[in-house]
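The structures considered in this document are given below.
What follows is chain A paired twice: with chain B in the first complex and chain C in the second.
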Partner chain A sequence: MLNKPTSLVGNPIIRGVTVLLMAPILLFALYVQWHGDYGPGGGFQAGVIFAVGIIAHGLIFGVRATQRMISPDAVRIGAVIGWMLYLMTGVISMWRGAEFLNYSALVHDPLHGQHYGILSIELGVGITVASVMILLFYSFVGGGRNT
Partner chain B sequence: MLLVVGFALVLIRDLFAVAMLTGIYSLLSACFFMLQDAVDVAFTEAAVGAGITTILFLATMSQVGRTERKPKNKPWFAIGLCSLVAALLVYASFDMPDYGDPLAPVHQHVAPRYTETSPNEVGPPNMVTSVLASYRGYDTLGETGVVFTAGVGVLLLLGPGLRRRYRRDLPAPKDGKKHAE
Partner chain C sequence: MNQWPVIQILLPLIAAPLCALVTREKFAWALAAIITWGALVVAIVLNSQVLEQSPISYQLGGWAPPWGIELRIDSLNAMLLLLITGIAAVVITAARESIRKEIDEEKIPLYYTAYLLLLASMIGICITGDAFNVFVFLEISSLSTYALIAMGRDRRALIATFRYLIMGTIGATFILISIGLLYQLTGTLNMADLAERLPALHGNRVMQAAFGFFILGVSIKVALYPLHYWLPNGYTYAPSVVSAFLAGTATKVSLYVMLRFIFGIFGVDFSFEVIQVQHVLMPMAVAGILVGSMAAIYQDDIKRVLAYSSVAQLSYIVLGISIASETSLTASVVHIFNHGLVKSALFLCVAAMVYSVGSSKLEDLSGAAKRMPWTVAAFAVAGISLVGVPLTAGFITKWYLILAVIEYGWWPLAMVLVISSLMAVAYVWRVLDYLWFKPMSEKVAAHGARPPRTILIPAALLSFTCIYFGIDTGVTLGAADRVVQALLGATP
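This part shows the complex of A and B:
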């Protein structure tokens, strides 16, 4: 099982490399998240990359250690919050007198409105995707009989 | 190369090798998309297909074991049907416009409008983002909903014990009950 100290998990080189790589992976995820307007990337990719960073931690240090850092309840709530953020962006633009998900109405300048709207929904997508991926990992790995 | 990996995927029974090959297949597809200048698609394929799917396969494998059972029957009918459909698809692809043909229908529909007006209408330099997030906002909302629904589905199937086990493994459980597994 993954959370028993097998030879792979106890290997100091793998632990060291994971510790070294985890911060850059999370940082790259944030870069992809916020830079999606200008280069390739966006919420989906950023969420997946973020989740990969967390899951790598779980694979090497055991899923219990990861769950102390990010609890299963937190990822469940995160999955809801992301989607709600997306929906609320649409509802707010509707409330400000435009169609659902028409970001031009969010602020006075339509281009700024589009910018904020896209950032907001991409953040929502990112939160949902990252949460669901971590949730899947918790469900699969934490779901064994002999944990 | 994709074909070789695909056939290897079907024939190999060791699931660890299959998971790795799936990752390789995704990485090759990502290179393929990259060659076609579809950077966003390539990025997604590399992150989702080669990255997290492989890890989730490995995680699942740690629960179900790593060898596949040998199938008892030979599915000749299914193989024949698949080959027939594949042949039909290849035959249909002869009718497709040439790659990069500017007169192809797909380049004549809404694409010119997006490329002309999106810098003034939406703004972001990456046009894929403006199409995905703004023009096609409903689609993306639905896609996020699909991801969310998938998470809910897995939770419903595998989840009921998740919180209980998490509580049990905490250093000092508050309710103090013991949960039999």
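This part shows the complex of A and C:
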């Protein structure tokens, strides 16, 4: 009775715990994201943590359920948006007459510029990393856009 | 403020993700083509600026050089930028028709994404003045190359990619270890700053280890003889236009890294007096010249012939680096440029033949000249330039290399160069014999037709440049002269 193999997917405890944990995981990802410019953290770590929340959902409830929530196309677009956010931050500082990615030129006050600049590029990194991690998961479980 | 250096990288880097969003292959191609030609224009602007003031320095993010990342353009990397963007622009023009036939339709926008990423990363490797940045761009270029090669129709492309992935990763790791050791020693990653600090550390074991790791890693990337294993299969099974782009640029960029690190960072004294790297590089280069040429004679696939010939031709450049005299370095620098043009021209002609016949086997292509005379003519012109017949681009380098060897009285080495030229005659002639004189194969009879002009004209254009730079040598030799003066001078 004890060693009867049971599917993870059908196990009510695992399903329940996943539902309980998903929200804190995603919240923690956002915390790491926004806290990145004051302490340890940043876009890359936040992106990975965020993707972990989504991937856990996919592992337990099946990748189809996850893809109904976040479609592969949306993830692709997310990856591009993050990438463009990073580059555009740099391009805006070029537009305002400074070097590429010179945050000081972003707004009238250099100190604020540095602050907004790092927030913006870290957000770009976070979105791209999370999207690419999810995209990797989707492609490896065969849930890419061909199926 | 001069924004051109960063625009050179940004153009393809911004267009690449946009290509991934586009679903129609027509728009993806149009975007990629416009951006690539734009990059060529920027490279021309940068070249004219370097003539007036060298080096051009650009501080990324406004951080001053020893701390921040610096883009630094002098005569050497300006020439490389021109070569990379020029070949990229010509190849992308020819790419559309060929790619539509060789790659699944839904993957085509992703193909252009990878192509633009590869372009951006090779530009990045050349343009940056920061040693760690070189590694980052090297990784981007490797990853996009793996993706491009794996898109080949033949399933063996996957195995070829996997081999390249293993070898490329080992190479990149060694280069990273080397850069890490240098950082540990000096606390700086800026190339100019490294060059100032390293001469004080010549006896240091860590610096010697860093040099060893670097030479080994970059030799894999360059495909120097015993480490060339990944190259022939990679070029053979990649989609045809990808081979044309890679053969002209990828290994040349690795050779640039080799030149830059040996002469610009470690310095001539350390590399050739303390370590005496010539005793490693020269035998490997000579072996590569002979083995590569010999192997090229016995291949049954036209792409494979060209790939093994690349192994030999790259070894010429390494031989020139290992001699490290003014004449030999001139030969190397000019050959980086000339061989890039010649190999891209040859592979583009092959892409045109593969487009209509559907195979690159010599057997299947025999008698192709009767159906596509212009394509084979363009191939022949680039082919004689590969051999090094006078009045072609290939001759200039052979001439300078033999002069450099004779300066030192190394007659056996001069003999090796002459013998390898004869071997080049053999493998080029063998291909032309199949294309021109053998009876027409069934495949050519069934499908052989003139390839579309969009492939033929770029191929012919590149073939023409092989002749042009053989007659008007002022441009390439003048540039090479400035480069060599800078390399052998004390300042990087």
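In this section, the second predicted complex is superposed on the first by the 136 of 147 C-alpha atoms of A that agree within 3 Å, B and C clash if a C-alpha of one lies under 4 Å from a C-alpha of the other, contacts with A are read in each partner's own complex, and residues count from 1 in each chain.
Rule of thumb we're sticking to: a residue touches a chain if its C-beta (ideal position, glycine included) is under 8 Å from a C-beta of that chain, and two chains touch if they have at least 3 such contacts.
None of these values were measured; they are calculated from a predicted model.
Trainee: Kindly classify A:Q45 by the partners it touches after superposition: chain B alone (first), chain C alone (second), both, or neither?
Mentor: Touch partner of A:Q45: chain B, not chain C.
Trainee: Which partner chains sit in contact with A:L30 here, chain B, chain C, both or neither? Use first/second/both/neither.
Mentor: Neither partner.
Trainee: Just checking: does A:F140 make contact with chain B only, chain C only, both, or neither of them? Give me first, second, both or neither.
Mentor: first
Trainee: Of the two partners chain B and chain C, which one touches more residues belonging to chain A?
Mentor: Ranking chain B and chain C by residues of chain A touched puts B first.
Trainee: Thinking of the overlay built on chain A, is A:L87 touched by chain B (first), by chain C (second), by both, or by neither?
Mentor: both
Trainee: After the superposition on A, what does A:I77 contact: first (chain B), second (chain C), both or neither?
Mentor: second
Trainee: Residue overlap on chain A between the chain B contact set and the chain C contact set?
Mentor: Overlap of chain B and chain C footprints on chain A: residues 76, 79-80, 83, 87, 90, 101, 103, 145.
Trainee: What part of chain A is in contact with chain C in the complex they form?
Mentor: 76-77, 79-80, 83-84, 87, 90-91, 94, 97-105, 145-146
Trainee: Tell me, which parts of chain C touch chain A in their complex?
Mentor: Listed in rising order, the residues are 1, 3, 6, 10, 13-14, 17-18, 20-21, 58-62, 106.
Trainee: Mind pulling up the chain A residues that touch chain B in the complex?
Mentor: 1-2, 36-45, 48-49, 51-52, 55-56, 59, 64, 67, 71-73, 76, 79-80, 82-83, 86-87, 90, 101, 103, 110-111, 114-115, 117-118, 121-122, 124-125, 128-129, 131-133, 135-145, 147
Trainee: Please output the residues of chain B touching chain A within their complex, sorted ascending.
Mentor: Where chain B meets chain A, its residues are 39-40, 42-44, 47-48, 51-52, 55-56, 58-60, 62-63, 121-126, 128-130, 132-134, 137-138, 140-141, 143-145, 147-148, 150-152, 154-155, 158-159, 161-163, 165-166, 169, 181.
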